Amino acid sequence: MVDLSVTVGGVRMKNPVMPASGSIAEGMADVVDLGRLGAIVLKTITPDLRQGVKPPRVVEYTDATLFSIGIPSKGPDYLLNHTVPFFDKFGPPVIASISADTVEDFGKLAGYITDPRIAAIEANISCPNLRAHGRAFGMDPVASAQVITAMKANTTLPIWAKLTPNVGDIAEMARCVEGAGADAVITANAILGMAIDAETMTPRLGNVVGGLTGPAVKPVILRMVNQCAEAVKIPVIGCGGIATGEDVVEYMLAGASAVQIGTTNFVHTSAMEQSIDWVADYCTRKGIARVSDLTGALMLPGDQPSEQRGAVAL
Amino acid sequence: MVDLSVTVGGVRMKNPVMPASGSIAEGMADVVDLGRLGAIVLKTITPDLRQGVKPPRVVEYTDATLFSIGIPSKGPDYLLNHTVPFFDKFGPPVIASISADTVEDFGKLAGYITDPRIAAIEANISCPNLRAHGRAFGMDPVASAQVITAMKANTTLPIWAKLTPNVGDIAEMARCVEGAGADAVITANAILGMAIDAETMTPRLGNVVGGLTGPAVKPVILRMVNQCAEAVKIPVIGCGGIATGEDVVEYMLAGASAVQIGTTNFVHTSAMEQSIDWVADYCTRKGIARVSDLTGALMLPGDQPSEQRGAVAL
Amino acid sequence: MTMTATAQAEAPAGRFPRAENRCRVVSNDPVNAEYRLLLVEAPATGLTAYAGQFFHLLCPTTHTDQPFLRRPMSIYRIDRENRRLGFLYKVTGKGTRALMTLGPGDELNATGPLGVGFDLPAGTQHVAMVARGVGLATLAPLARFAAERGARVTAILSARAPDLLMSRDELEAAGAGVIEVNDLDGTSKPEDVADRLREIHAEVPIDFMATCGSNRLLGLTRGLCAEWGIPGQVAVEAFMGCGLGMCFACVVPVRDAEGKEEMKRVCYDGPVFSVNEVTTW
Amino acid sequence: MTMTATAQAEAPAGRFPRAENRCRVVSNDPVNAEYRLLLVEAPATGLTAYAGQFFHLLCPTTHTDQPFLRRPMSIYRIDRENRRLGFLYKVTGKGTRALMTLGPGDELNATGPLGVGFDLPAGTQHVAMVARGVGLATLAPLARFAAERGARVTAILSARAPDLLMSRDELEAAGAGVIEVNDLDGTSKPEDVADRLREIHAEVPIDFMATCGSNRLLGLTRGLCAEWGIPGQVAVEAFMGCGLGMCFACVVPVRDAEGKEEMKRVCYDGPVFSVNEVTTW
């Protein structure tokens, strides 16, 4: 029996697979056994009530999507009175996610939602949809660290810092939030993108820019996960472009302790469950006793016989 | 008749479509009429002779590739004695591209290859394959500006600064190189990525990291082109993920004055010629007299009737 | 609007009322120049669908088309005896082009049934439905359900041209009285359709209206419902991401009784709304 | 090694010696459990191919496979009379799986002919070729060319099992004497193959060798060429990006006469190299 459990940023999970914030809601429980997940991550809320941005809100590519939603939020009371009770009953630890316009509000909101039914809080400092042309908190290392400090000051819950990939040096960002006391980093949110309709000469999204997500971003985020894992001691949670159990293994080899699946949930509701099964099979097949042994187990060229691997003389 | 000509960074071209550096070589002339192109951009050379990185050098995705080549270079003399004469005969302006390990070498090399058969020099400050985990000149605004200053001091040729997309604020980079005297910016080089083989637990590329290119990166680079075009007065050349004439139009609407096609040349050798034809048809169909009128002609939501465009009540 | 019955014939039981149904294609043939009827054999969960609900279809990858997201399709026919579901679709873009390539025996992965369908007030005597284009697909099962509940059903079908009219048979088989109008002979003008309905109402009072497929018909329906003081419902479309209420891509502005506007998800809060909720477009 | 003739039968004329040939599939049938033969009707440029060259094939997108890059395939048959080209391929991964779905009448976009093929020294009397697996595909047209030029051809075909042996007919039709060896009965051991070749050489001296498809056979060929002081060539494979010498993805280390190592492009500088150039793997 493979031990699939992992402990990530103060949260013990029975397996390393969870949904990415904003990629499931109540409707998922109609289709999927949420009890099987490593954790249940809720959609980001803000202190205020928000309706989100103007549609159209999604553009589709070959294996990616560009979404611009704008974090519709029903606020913290709805979260505590409706959302948390709904998801609490399935068993896995429930992870909240918050965003705000100021450092102080991040802190206050973290304090406000501190509740025994919540296992950790994600700091969504990286949402690309809130600002025109996508400047976000998470693009500034100082502001990011301040957010984490403020949250830690207001809650005893573990804080997971969700980084934005729209930075030059993601490892530096990871180090900053680690320094501020984050219990884990999530690498990463969506990559800012834009879509134009040549015929109408207008943007395809109501919000002009949106976040690129889905399988196409995997190579970029995988690289960032590897960079973060080499930079910090706190666990790294891989997020971006994961669709299969094989992807989960790749992220763990690159250094992730757990992973989040986002866009794929919209197309294949069974992807999380299938990924868990695939990883278990993989570990069995490879004789790996604990899934946590995969974390960072990538063998770099120095570690292996340095034969030429790109060509074969026939 | 649509006027397809554009003048970009001191170079007059009969149309806005050219190959991206490293995406054509002598072999292309066996298949394609290079005389039809707006310009012919040569592969980057370095002052020294280089063999490039260890294979495997390419990984394939659904509509992207991850290449890590490492700029094999035969040096400036080979460029002047073989490469330039070979491409000079086709007619379109020939653009050289250089890279180096130091600011001084960038300057010297620019001076060394200054030649009447070369119309402009690209400063490849952004190649992601040269440094482990991809730190590059182009990720530092000061170093980038210094490279341009050094090149301008050593040559009378126009300098096109090729930015790296692996930065948090590409507009800021564009402003820096503009300030240093660049005659155009190219947005952008490849996005750093990584690929792992779960079965062997090793990286798929000999160089571990590589550059993600091809259609999948379009939404990201299109957004960056738009950001750069809003930030600088010098022309922006769009590069990244362009495969069709429709893509060319989208980049121009976003603010590009011309475009470069890279990876697509590897799969569809006729893509550049077909794109030129498509753009001409598009302009004719839309009653656009000069292709240069497309540059920045995107209508943003403020400019248009603000109806909801994402949903229709049926 | 008080509702005391829903169009749902069988309560979807069990822990998972919705599923990724792996259906088997029975047939997929053209109905006219623009529309096709896709008939599939569906597992039990799929067969709990009721009028106004939809399925989110995974479209195959073909030589030319690679649709990444699923595509929403209203349930057009629910044939529980033969364990079959039917979708009536218009070939529009890459997803529906890809659907076209499915042949008998192929698998169709259809997540559903999804959304909130029509909610027919108990004791409804006479349902009038007006639909255009593919909106017919959405209303057909409502006609059958209403007829089964003993209500009279009058369906006005509108189309650009007579040869693009569809579903007369489906609706008549469901027990509806069918009136066809079209743009070519000018019979489809909203004011004419309204007059036609007023005449019918004068004969046998209409106490519920349903519509789908056109903004003008929505306006017309809303107006007549107000005129007669009866409830009316509309099935709304939006471009969708997940279809399960998770991504908030498919929102439309909806007005509550106090006139406060709120964004609601077509896939989860709808696709059927009261004609008074949906703001004009 | 001095070369005075090439395996090229017709000089490729015109401004564009290579092209994106839009070919029409004639047939695409299995040859044995692992290999298939793809026959296509090709435009003029495609038909200028000669032995050792290859085409870069655009593989279709299928329900399960979306190969983005082209896939290189050696030219296996050049039938200029019927304007046909043949490819012998092994179904390996997504590209070749996708090729499998092509049927008669379908289009195949084949860029080529590409690369530098075999360069048969003028006056060659007796060519010995040793190949394994799909390497046969690459050597078959050389056998035909050599035979046409009046040379005797001896081909040793190696495979895991007798039923995986191929191309005996193709090679015999080309005028080659064929010897089959396999792993099952142990006849394919390099030392045994070498002894076999020494016997043949003793009877009718071999003055040119060609190989493809196995590192062990390359070593064997290099050894015998050195032993007999004759030239030998090998067709090399590498994972390719462009196939046109533009991307530098397909490089292999090659040793020049002074022993200096350099990276060369398999697609443009090769795929055929001297057995002495290619360093061991």
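We call the chains A, B, C and D, going by the order they appear; numbering starts again at 1 in every chain.
By our rule, a residue touches a chain if its C-beta (ideal position, glycine included) is under 8 Å from a C-beta of that chain, and two chains touch if they have at least 3 such contacts.
Worth saying up front: this structure is predicted, and the values here are computed from it rather than measured.
The chains that touch both subunit A and subunit D are B, C. Using the average of C-alpha coordinates as each chain's centre, D ends up farthest from subunit A.
Between subunit B and subunit C the centroid-to-centroid distance comes to 49 Å (mean Cα coordinates, whole Å). Here the CA centre of subunit A is 31 Å from the CA centre of subunit B. Computed centre separation for the pair subunit C/subunit D is 59 angstrom, with centres defined by C-alpha atoms. Distance between subunit B and subunit D, defined via averaged C-alpha coordinates, is recorded as 36 Å. For subunit D, residues touching at least two other chains, in rising order: 66, 238-239, 249-252.
Under the contact definition stated at the top, the residues of subunit A that touch 2 or more other chains are 55-57, 61-64, 308, 310-311.
Listed in rising order, the residues of subunit B touching subunit D in the complex are 22-28, 30-33, 51-52, 55-58, 60-65, 67, 69, 72, 214, 265-270.
Against subunit D, the residues of subunit C that register as touching in their complex are 60-64, 66.
Within the complex formed with subunit B, the subunit A residues making contact are 54-57, 59, 61-64, 66, 133-134, 139, 166-169, 191-196, 198, 200-203, 206, 208-209, 212, 215-216, 218-220, 222-223, 226-227, 246, 249-250, 253-254, 282, 297-301, 304, 306, 308-311. Partner subunit B is touched in their complex by these residues of subunit D: 16-20, 58, 66-70, 111, 238-252, 262-263, 268.
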